[in-house]
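Each of the two complexes below includes chain A, the first together with chain B, the second together with chain C.
Then we have the complex of A and B:
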């Protein structure tokens, strides 16, 4: 159950992939909190590069993919950063130079964004989604929410395919031309059709799951178990983080 | 319609944690209420509807040549499922967007769930229920959806500058940031209202049993958005944009803003002023050519003046956009 578009690398094999998802989730959370704990005009310490780089390189995630993805999700941050540069002209002393504060904030926010995204991609690309959810469940995220996430993920593949079909069919009918009002109406009809098909699909799939003995709990083929390596990973990460932030 | 997901790096740890706790509490309340309302067998259905909103966001609506928008989904889900289940579904969508597509960070999830899930669902649903009445007719249904989308989305978006201001990472003037977010989302909400209305009418015609909202017969029979309704919504949006946004964009710093200004820059030194010759030239040119100089008529009160100029300016812009659109269409026909 995976989609080349969504989780391309989480089925590889590496020391990072083999870690317990709980260990990885906690480590990335701790890293993110310390990363955003810096004040506005301060760049994070260079040591903060080590954690995401270790996750990504050790997990054998292609860096090209990572950079492309970071760029893809960055537009909102870029807008915000441009506004700070425009508005914040407070002089800040950096060594012997005086720099407008906006530029410092911009550099700091962009660095944190790239590093934080790197760590998050490192977490998600090295963990199968089912394992990630199991980890969240074990970390006391409410059961109803986790089962929501599980179903959302499960059906997303089916529905993305449906949308591709609907889009292709419309493209075949109007070739992207035609009056705008008509296209709006057809878009609304497509969403409505998708909704009705979703209801039917949900019913069929749910019946099929019940027929196979679904009772609300998901049993993984490989249940999670915490090993010494996981404890070691958490310990090393914490020591490293304390050193990077305050050392 | 726009990827307005807040990132980790715009928040301070304190604000992020407070938002996470708040969002967690609301989600717990919502799942408690949803469990009472919804048959446990239907819980998977909620997850499926999350996937539906996700997939529906891939269907684009042409707005202008080159620009297209898509469904947001909060108000649609609230109308179809009720506010509690809708909030849960929106939260699961945001979590998946964060985990799989890295849209928004792990720590800013709380803020995003509040802004894009909790507020649109609960506020939107309350407004929808209040306005739609027991058996909505076409017009009431449309007005209710329009108002619910508008206030739900705008209120959520207005929280972004508040959270950012409390975090103190960015130093964008609060009132300008607020005006920008509110203005943008008034436009976004207009599109959202059209789409939500069209989808609800479609579903109520082809699958009336899908949701428990009784709808007047007129909706089944015609169910098409009239041009008058579209024109009226455009006008309302234009007036709102002109009135609200220009008012908040006035030059005097408000209370929140002056607090940051003073903290950073106690003697209000000249560093903040822009004195490049280019700016001066542009300002002079604008003063000479603008029909509404500096957005206010001196004879009227400052407050009223700014707002009126804003409305007139927006109407003129709208007129210009409409004319450009007509011109483009004529040109395409002639080819």
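Then we have the complex of A and C:
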């Protein structure tokens, strides 16, 4: 089956793609921390647009792809900001006007969400997932967490394939005339089947790992190389961030 | 008689639900010998491979290179027996092919340079060099199958165990697989329903049914015996062709 992979643009070649994943992870982390450091009623400075825009444009990531993925995740944030608008009526002075605090919080959260997502998509789309994991491991992110991400990336598509196969098998025998309860029952059955298959897959994969000497620790060859360009990237990003936040 | 690489004496295995999967299996495999393992579904082929690969603890004696497979030393001994699983999705679990090929050699305690050399060599041997940076799910099934074999070969096993290596392969990928396995000097035990593949690669075949080796001899003789094959739920080789 054909899927759009989450790192589909990470195999391109650009100055951003060529940076060490650790440099990009640290830069996006610093950017995110400063982005969320603003008080709730304050919008981030306009300069905060520059970092994600630079990552995405230099990395040659299509903006349509970026907006589509921001929109895909946005329902969660919309649910959250609706409550701030409904419940936070604190009057806040903006210039000569007074507006309810909930609206300001909503605007601030949505702006920070869009900018943060832009930076994250820039990071993931310009770094091969395997290198991203190696970077995280080198930055001492807990081994167990990185291993879980590694297996999730490897087996997520297999799981999606299985869901598609189960759905097709159901559709092939479904004329759409049966009672709705029957469809719900079959969905529950599909979830159960999927759970059992996932356990079976995990067991077989574990056996395959044991067969090649796995002893509880995943060891990797680490071909990551930190270059002068990576140090320069970090330095420039930090100077820019200090200017954007406090300048 | 060539020197035996693998000697199995009275090997038995019972699953937790009480199913007797192997009942007193005896077999020998010489260095460099390619042996086919045929039998109906549920006859014990995969269980036998799992036991020989040190993944299932059977009762009986398994000697490799004259040394008994000792349950307390099995992790060290796994490097000597390479097991290639039926589905590459089980076997290829790392995010890139290069990481997957390096997984076994790293676990053998080799240095970074030795690991790099082995990965480069085995990738070259299997025609996978341009694909090293790819995630396994970006490879075709034929490439995944080659990668699964390469991942095991990178550990330089003395014995290669292959479980249904040609299942789901199209004719071209199957021919490529035969082309890869045929010239190899490594001893192999190949469990398969693909009798043509066994006929092409193996000079000797073992027929297993209900957990017992019921026939052991030259491939053409056993797979050409229509009565014997039908008695054990198989078709004779020529009929299948």
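Following the convention adopted for this analysis, the second predicted complex is superposed on the first by the 212 of 247 C-alpha atoms of A that agree within 3 Å, B and C clash if a C-alpha of one lies under 4 Å from a C-alpha of the other, contacts with A are read in each partner's own complex, and residues count from 1 in each chain.
Convention: a contact is a pair of C-beta atoms (placed from the backbone, for glycine too) under 8 Å apart; a residue touches a chain by one contact, two chains touch by 3 or more.
Owing to the predicted nature of the structure, the values given are computational and were not obtained by experimental measurement.
By the touch criterion defined above, A:101 reaches chain B but does not reach chain C.
Contact with chain B, but none with chain C, is seen for A:184 once the two complexes are overlaid on the shared chain. Shared-chain residue A:198: touches chain B; no touch with chain C. Of the two partner chains placed by the overlay, only chain B lies in contact with A:124; chain C stays clear of it. Applying the stated contact rule after C-alpha superposition, one finds that A:207 touches chain C and leaves chain B untouched. Number of chain A residues touched is higher for B, counting chain B against chain C. In the superposition on chain A, A:151 makes contact with both chain B and chain C. By the document's definition of touching, of the two partners only chain C reaches A:219; chain B does not. Once the two complexes are laid over each other on the shared chain, residue contacts for A:28 go to chain B alone; chain C is not touched. Comparing the two interfaces of chain A, the one with chain B and the one with chain C have residues 129, 150-151, 153-155, 158, 201, 205, 209 in common. Residues of chain C touching chain A in their complex: 50, 53-55, 75, 78-79, 82-83, 85, 87, 89-96, 98-99, 102-104, 106-108, 112, 115-116, 119, 133, 135-138, 151-152, 155. Listing the residues of chain A that touch chain B in their complex gives 6-7, 28-29, 32-33, 35-37, 40, 69-70, 73, 75-77, 80, 83-84, 87-91, 101-102, 105, 108-109, 112-113, 116-117, 120-121, 124, 129, 132, 142, 144-145, 147-156, 158-160, 162-163, 166-167, 180, 183-185, 187-196, 198-199, 201-202, 205-206, 209, 216. Of all the residues in chain A, the ones that touch chain C in their complex are 5, 11, 128-130, 133, 150-151, 153-155, 157-158, 201, 204-205, 207-215, 218-221.
Residues 2-13, 16, 27-28, 31, 34-35, 40-41, 43-52, 54-56, 58-62, 71, 88-89, 91-93, 95-96, 98-103, 105-107, 164, 168-173, 176-177, 194-195, 198-199, 202-203, 206-207, 210, 224, 264-265, 271-272, 274 of chain B are the ones that touch chain A when the two sit in their complex.
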